[in-house]
Each structure stands twice: as structure tokens, then as C-alpha cells.
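Quick one: the structure is below, questions incoming.
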């Protein structure tokens, strides 16, 4: 028993039945797309819409004739926000279900838990989440936005508007540490300085002393790299102290999980962000996507950056497979490296062959009235951070996740 | 006694050999065996030493981390495995010495073990910076440590223990730990330990150094939990601070109490049953997993305070004696409290 | 200090906060002696026993066992020195059998095989063979008292402290207890706290009277019983 | 100088939070020798009650000060009748059962409310101390904590109900002999402790936001505070909350919040090693 039954689409029976069949027959019938996401537990805020995005993308692919004449079927597992289950279900997708491709993983820890397994078993892996960058592995495609892609547009814009002294608040884990470094890098490049960087473990919810410390340092602006539910209290306590009208703020993380809707207008207004996706992006592709989402799921409240990245990741894989005329791992990799692209809600997305990371449009937005109002669009930004450390064309056997030293 | 022991050894061996054919998911089966070992470690110190440790996850996590860090640094997984036993055992001995030489008991002991786990959890979570390094191993904070070398066959360094071979290795260790503890409990040390559980004051008044014996038992429990952690690291191929989390500690306690703290088999059965239940619950979204586990714990405390295995054993022995025994145990607990 | 004193205390004083429970107690017991401690409730007898077993550390004063200073030593160290105690409420290991209880005590200073032999011997001496495998919790009070005595006996003590051994026993059991005590006294010196004066008279030659944390007097049984001051503080109130 | 004032203010606030989140647990532990490990989820319940009733249009102060404790009290009543009363006198068993309850409640919350963090805006705006801006709501939290501790003190020390409760806890048979129904006393105590937890949850909700697992952040701290304090409800809680609040905030200012939290935990371990039965187990024994 392995499949999340509720989510199996189109006539696919429970896995037990599928498992009973010889694998050759199965392979001819449908293409199996493994999906491994936290659709319950503390990360379901991210995982549930991502899961919906996978379903929607697969349906669109199938109604457009599938891939190489075959329909795509989803094999999904809910990892319940438990890292141990990632390893377990990852093994299962690769060895028992023998899927053709895996999309999923949310936290970096979850990606690192399944990446070696999928590589060993030669199962192509798509990680469609905003993350710290630096993964250099030919078996994986990372289609989410990475710190430099945000910071290179966000930091100069914010400094130009507000001033040179920056105070950084970051979540104390890989993503926060690395993003903080990039912010320092771009702040320096723009002629400013980072006066202080404070790191907070993900369960810290009391920022009283930090708010006092910030005032003591009197910066021109705050850069927030805070992550998750507990850190959300920072924005509340910041506003409760009346600071939101005194010191402006920019963030690389706020809004990725639709935080701008959870916070009130007063708490969120004026925060500057940089993302590839915004609901307020007025392109026909984006509005069409939101329309289809609304028809399918009733409302678009839950659509966020990660869901859209997942939606585009699945489509991008399908484009690659179509172009290759096969779902064999090496064929799909070659097609994507050779320039297969998908025109999605955020604009065109394609793969940078050296890093297997994505190139796409980045939009500078500002929170207004619980919405992300697009200020400016930077077209086709390459993954500049990973590019500094990773070259898969030269070292195709690399599997490291580099920590980028700036 | 000896016959009974060899009988259970044979039964255990057969069960473990047969299990992979009945239950086709070897990967899940392996982790259930590892959980069984972890539950056994707590079952030993709680059921036979009377020490309710709220932080068994601390030793579990330490074992896993010690293995990962040592494996990265020495590139010699079997040496790393040895270190992964020594580190948690020493930590447990130090913590135990602090507890028992300080005469902490009951709820105070629970608090300190819980706090020790929390400290490790919070510390490990805040080690994302590049300054946190042991030798070549970055601690990695929230994301943990991936990519260390796992155990191989001792005579063939290219042959990794994965899938079946890892399963049989874990199963053998569980069986060995089970038999080892059985033997220990019939040996003077184990009998004294049970005597201490029953009446600490009396044990002291006949000349036993209760503090030392409890510390030793605690260290043995810590070592077994660390061994489970070491196996877990080999299974998952990544270690994260979640191994130290409160919910991990909670789960162990639930396994043990549902299975039955007063026996060695009970905790293993509890871990298997609830571990399997958790994986099955992961495949539906109607009921929340925690809701089911939590409710089970409440029901177990209310209606099955002795756990599954001892209750079944009692049913076999006959009802009347069982009831009498239950009453006796309660009076003995009260007396111990008075004596203090 | 004389070498033939198995136990000697000098100026033992115990204070709890502002309350003085024992004050300046000097006590001496010769090898092989049997002494009863009497006195009203709260006179300090139990506190004194706790000091002797190491459960309490005196605020002042010293305790010597066979001439060696054991003040502040841990209970297990004192027990290893040959001090056995039977507490007021039987302190036994309830879910274990009678023989297991006794064995655990014997095993402390002996090998397992020797302990097996000692256990058999003690069970025999106390005539507990037929209940040897019974769980102690299921035994009657009198039997539990005997099991606890067995525990004490198995440790081969040179000094035995008994806290109200006759309390709650039937007449028949009391007689049995008297003979056990005499038997114990063959190998060990004894200190017995007891309220029942008939019982005291039947076992002891010498008596120490405690009152308000001090030693009031120390004399043979008959003399004590005739002493009007003792009558006042103790017997008077009891009679 | 202003900065010093802000630091003192933050320390007071940290102590107030510890007092607030611990008092309910302390009442139940001190009076009944029951450790309610679902205490954190009672807080969460209070938080949800406050947020829901505020979103339904209830005045924010009523939501925090009335709806939150009321909801937790009703739930506490059910828990006492259905679970806890069968386990009196068995400390470890009550801990395990309420731990199970805690997990079940987390699961229940996520089934009902989802895993999103929800919150309400603080009703009080910030004010300035010199060049520093301070959250006015912090003062509100400090005031409520003072009122709670004062109220519990008065009830225990002066009122007849408190006297009966203390008597019943110390000697159930005696109280029964005097004609008091100890079962009811236990019940009311548990309900009162639950209500205090709910109140704490309601008060904290605007500051930290509530999600199903929010209670976990509190239970460990509350548990440690109460046990380190010992069995005296008021003086124990005040003493340990004062110590831990001071230690954690001082280290937070000197270093980082993590160091602050770890310092708190170390302080607890050292304290319990030195005073194995908590502060009031050793000192202040006769206080309530």
C-alpha cells in the first residue's frame, strides 16, 4: 500500500494492483510521475498548493495529448512534514514504483534526503522550490528562485529608495545563512553596508529584544530573510511597536507562503519583495493560469511562488520529454540542456545547462493592501549564484551542494 | 529460564527471517526494527530500572550524529559505528550520574532529561553557520548532515549494507540486544536493578550503591538508543536535528507504554505496531496522524496501563492473579514514595 | 574509645530548620549487646536510627562503627560495614518473591552460589520455606516482617537496628519474633526501638530512654521501669 | 540610558510571559500533583478562541479576557471528568495521558483550523521611550500577569474556597470528614488552571500568532518553570519565572535568542541539580 489513494488520477488502481503487474506492461501504458510533498503537518501550507499544482499540470499535459503519445499518471506520497518519511518514500518511488521522474521536496533537508537515492537509481529529479542554491548534480533540475536572483534586483532597488545602512534578520539555517551572504555582497556592490546580521532558529517567536537592538543600530532599512510560522510574529511585533512606519523593510522570503494575506494591511504594507511570481502580474499567461486554477479549485487564495514553480517545473519536464520524444532520463536531460523551454505564468522558463538551474523573469514587487503589486520586471535572470561554483558541462559527475563563498 | 530464552531466540530469528517475505517493503521493515531497538532501550531502563526518561531521543540523535560525523572524518564506517556507541553511552553515564548522584527522581528526572534533549535540539538547530564544524563535518543546523559513508561488509569495502543486508544486520542486532538484556536481567546486575526499582531504600540499606547501579543501567539504555540512532543514520543516509525533537521522545514513550513497559518484548511490539500504523496513516488524509497517536496514548493509559504484551501474558496466566498483582504494585509504589 | 564498642556516637545533634530533633546524643553499644530504645513519639528515636543508617547526616557530632568514623557516610557504605536495619513499616521489594528478597541481600557481599546457600539457610531459620516463591506483596503483615528480618539476616550484619519489630503482630507471632531476635543476637549486637514494655522486658537487659531529643537515662529494664521520671515522660502518658 | 530602560522593560516582559504561561500549570501541579502536559495546547485553544471570536465580531478585549479563558475552562472541565479524574495520585500516568491529549489536540487543531498561522492585530499601539519605540501591548501583558498572580494569591490566601482547596489537597480524608467534596475541589482546581492557560493563550495570540503546534513552544518552558519553582504555586512560580526570565533575556541581549534559550535551559538543569525538589522545595516551604 503506497499510493495516496485519494490523489491517484484516472483509473489507476491502488498500487498493490499496479505492483502486481509486470513492469514492462506498465511502462507502455502510462508515464509515472512521482510526487513527494508534505501535504500534512507544519509544512502543508507550502505542500498542499504544490500538490494541486502537480495535478493541474498533469491534467493539462494529458489533455494536450500526453507525452510521446502516453498519458502521465501521478504516484504521490504525503511525507507529513517528517524528514524520515522522505527517505522512506523516496526509496519506494525509485525501487518499487519505478517512476519515470520525481517532482517534489520542500525543505532543503528533504531534498538532500532523497537526492542521493534518486541519483543512485537513475531517476530524474525536479526540485521546484525557492532555495539557497549551490546544488550541482546532473540528475536534478532546480527550477525555483535562488538568493542571488532575488538579491541582485532587490537589494540595489531598496537601497536606492531608502538608504545605505542595512540590518539583516535571517532564519538560522542553510537558506538564511547563504541568503544573508548574498545580501551583504550586493549591498557592498551598491556602495552600502550591512550593519548587523542576526540569525534566528525557526522556532523563535519573540522578537522584543531584537526590535530594541535594531533601534539601537538605527539602520535605513531592514532585510528580512525570516521563514515560517513562528517568524511571522516578527512582522506583528514590529508593527505593534510602531516601527513599521519608521524603518522600511524588504524581504526575500515574506510572501512565498502567502504571508501577505495572513498579516493585516497595516502590518504588511510597504514591504518590498522580489519573486518570479505575483498574482498581480498582469500578463495574459498569468491571468489565464489563475483563471484555470480558480475554475479547478474554486479560489486562488492559496496559489503561491512554490506552487507556480511546481506547476512550471512539471510542464518544463514535459516539454523536455516531448522534445526528446522519450522519458528516458538521459534523453530528457539532453533536451532540457539543449534549450527546451516553457512559457508559463511567470514568463519563459528554461534550463541553464551548466548548473541545471532555471532562468526566468524576476519581478520587483511591493506589498499593498495584502497584494503583491509589481513595480518592475527584470527579464530572464540566470542563476548567477550557482553559476559561480557549478559547471556540469565540465564535471558531469559532480554531486556536491556547494556553499557559495562570496 | 535458559530454555525459555533459547526458545524466544529461535522464534525471534524465524520471525525476522520470514518477515521480508510477508511484508514486501523491506525499507519500512528495517526502520521498524530500528524503532524496536530504540523502544527496547527505553523499555529496559523504564520497565526494569524504574527510570522514566523523557529524553531517550537525545541518545538516539547522538548516536546518529556521532556516526555521521565520525564517518565523514575517519572514512572508516565500522570505527564510526563504534564511536556511535561510545558517545551516547558516555553522555548517558554523565547525565545519569548527575541525576542519580543528585537524587533526582520522578518528575524532576523527567524535566532534566527533557531539558537535556531540548538543549541538544536547539543547539543542533542553530549550527547552520560555517563555524560549526567537527573535523571535516559541517553540522549543518536545521538541514542536518547528508552524504556520509555508510556501513559496508567488513571484508569487502565496496559492498554497502543496504536493503536486505541492512535489514538482516539490524534484525540481528535487535535480536542480540533482546537476548543480551534478557541475560542481563537474570544475572545479578539485572536482579539488583529490579530490586532497586521495587524499593530503592531497601536496596541501599542492604549495601548496594543505588546511584552507581542506576547510572550504569542508564548508560546501557543510552548505548542501545545510540546504537538505534547509528542504524537509523545508515538507513536514512542523512541525520537532522529532528532526531532530538520532543516528538521523537514522545513517540518512544508511546511505543513503550502501549506495548508494555514491564517486559522486553512489549516495547518492541509497541514500536512495530505503532510505527507501522504511522506509515499507513500517512497514506490517508481523513484523520490526522497525531490525533490518532495521541488518542491511543490516552486510551492506553486509561484502559491498558500495563501495555499490550503484559496484559496478554496476564490473560494467559489467569485473571485472578493478575488483579491481585496490579493492586500489589500500586501499594508498592506508594510505599516507595513514603520512604523517600 | 574502646575497641569492643561496636557503635559509638558522640554529641550527635540534628536540627531541621529551627527545630532540634536530636541534641548531643552520646550512645555506646558493646559487641554482642542488645539494647532497647524507648521514649514517647517525637523523642528522636527514629531520627537517631536515620543517622545511624546514613539516611540523615547529623548537624553536629560523630558516629563511629567499630572505632571508625562513619559520620556522613552513604547508607550503602554503612550497610557494607555490617549494619542491618528493619524499618517500622516493612521495607521489602513487593513484587519479588520472599527468596528473591533475601537473595538480593545475601548477594551483596557474596557470590551468587554462596548467596543461594545463604538464602536457603535464612529461609530455613525463619521457617519461610513454604512461602519462599510467593510474591511478598501477597503475604500477611507478620510474614512480611519476617521476610524483612530475613533480608537483614542474609546480610550477615554485626549490628542490627530494629524499628518496632513487634508492632501489629499477633501474640503467637510476637513469641516467634522474640526467639528470632535472640537468634540474631548470637552473631550481632542489636538496637531495638519498641513501645511494648512487655516485649522490651522479654528481650532486653539494658534500656536507653529518649526524651525530647536527648538521652534521658540509660539503665537496666527493671530500674528504668521503676524510675519515676521515666514514668512521667513516657509510661505515664502511655498507661 | 534609554536603552537600559528598554532592556529592563524587556526583562519584565519576559518574566511576565513566563508567569502568565506557567500559572495555570502551577495551580494544577501545586494543588493536585498533576502535571498537565497538554497545557500548551490549552494555551493554543485559548488563542484560537480569542482569534475566532474576534473575527466573529467580538470586542478584542472581550475575546482575549473572556472568550479565551472560557473556552479553555469548558474544555478543561471535560478533560478532568473524562480523563484526569481517573488518574489522581499517579503522577507519571497523568503526565502520559495528558501528553497523549496534547498530541491529539495538535492533530485536532490541524484538522479543524489547518496548519496556517493565524493571528489578530494588537489592540494597543507602540509608544516612545526616549529614541526607542516600545510595544504598548508588552505593558498590557505585564499588567495581566501581575493581576493573575495577585488574583490567585488572594483566592488561595484569603478566600474560603482557597482554604478549602488547600486543605483538600493536603489531606483529602480530613477534608472529606469535614464534609467537603474533594472530587469537586479537584475539578474546580483543574478548571481554574485550564482557564488560566486559556487566558495566557488569548493574551499571547496577538503577539505571536497561533498555529496547531504553537503550544509546544510554551509547554517546555512552563513545565520547567513550574517544576523548578517547586510546589508553592505563587512564590515558586514567581521565583523561577524571575530567575529564568532574567537569565534568558540577559543572554539574548548579550548574544542571540538561541543563547538566551539555551542559557535558560542550563539554568534549569543547574537549579534542579542543586535543589532537587525545586526552589520552594527547599526554601519558602510554608508559602503558597
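Note that the chains are named A, B, C and D in the order they appear, and that numbering of residues resets to 1 at the start of each chain.
Operating definition for what follows: contacts are C-beta pairs under 8 Å (C-beta built on N, C-alpha and C of every residue); 3 or more make two chains touch, one makes a residue touch a chain.
Just so it is clear, the model here is predicted, and its values are computed rather than measured.
Visitor: Would you mind naming the chains that touch chain A and likewise touch chain D?
Guide: B
Visitor: Please find which chain has its CA centre nearest to the centre of all protein CA atoms in view.
Guide: Located nearest the centre of all protein C-alpha atoms is chain B.
Visitor: Compare the CA centroid of chain D with every other chain's and tell me the farthest one.
Guide: Chain C.
Visitor: If you average the CA atoms of chain A and of chain C, how many Å lie between those two points?
Guide: About 75 Å, centre to centre.
Visitor: What is the distance, in whole Å, between the centres of chain A and chain B, each centre taken as the mean of its C-alpha atoms?
Guide: Taking the mean C-alpha position of each chain, the two centres sit 37 Å apart.
Visitor: Calculate how many whole Å lie between the centre of chain B and the centre of chain C, each centre taken as the average of the chain's C-alpha atoms.
Guide: Their C-alpha centroids are separated by 42 Å.
Visitor: State, to the nearest whole Å, the distance from the C-alpha centre of chain C to the C-alpha centre of chain D.
Guide: 48
Visitor: Counting only residues that touch at least two other chains, what does the list for chain B look like?
Guide: Chain B, residues with two or more chain partners: 122, 125-126, 288-289.
Visitor: For chain D, what residues touch not just one other chain but two or more?
Guide: Answer for chain D, listing residues that touch two or more other chains: 110, 258, 261.
Visitor: Among the residues of chain C, which are close enough to touch at least two other chains?
Guide: none
Visitor: Can you work out from the touch definition every pair of chains that touches here?
Guide: A-B, A-D, B-C, B-D
Visitor: Which of the residues in chain A end up touching chain D in this complex?
Guide: 40-45, 172, 198-201, 203-206, 208-213, 215-216, 229-230, 232-233, 236-237, 239-243, 246, 262-264, 266-267
Visitor: Applying the document's contact rule, which stretches of chain D touch chain B when the two form their complex?
Guide: Of all residues in chain D, those touching chain B are 35, 83, 86-87, 91-93, 95-97, 99-108, 110-111, 216, 220, 223-224, 227-228, 258, 261-262, 265-266, 268-269, 272-273, 276-278.
Visitor: In the complex formed with chain B, which residues of chain A make contact?
Guide: These residues of chain A touch chain B: 1-6, 39-40, 77-80, 82-85, 87-88, 91-92, 95-96, 107-109, 112-113, 115-117, 172-174, 176-177, 199, 201-203, 403.
Visitor: List the residues on chain B that touch chain C in their complex, please.
Guide: That would be residues 188, 191-192, 194-195, 198-199, 201-210, 324-325, 327-329, 331-332, 335, 338-339 of chain B.
Visitor: Please give the residue numbers of chain B that touch chain A in the complex, ascending.
Guide: Listed in rising order, the residues of chain B that touch chain A are 25, 27-28, 31, 122, 125-126, 128-130, 140-144, 146-147, 232, 235-238, 240, 242, 279-280, 282-285, 288-289.
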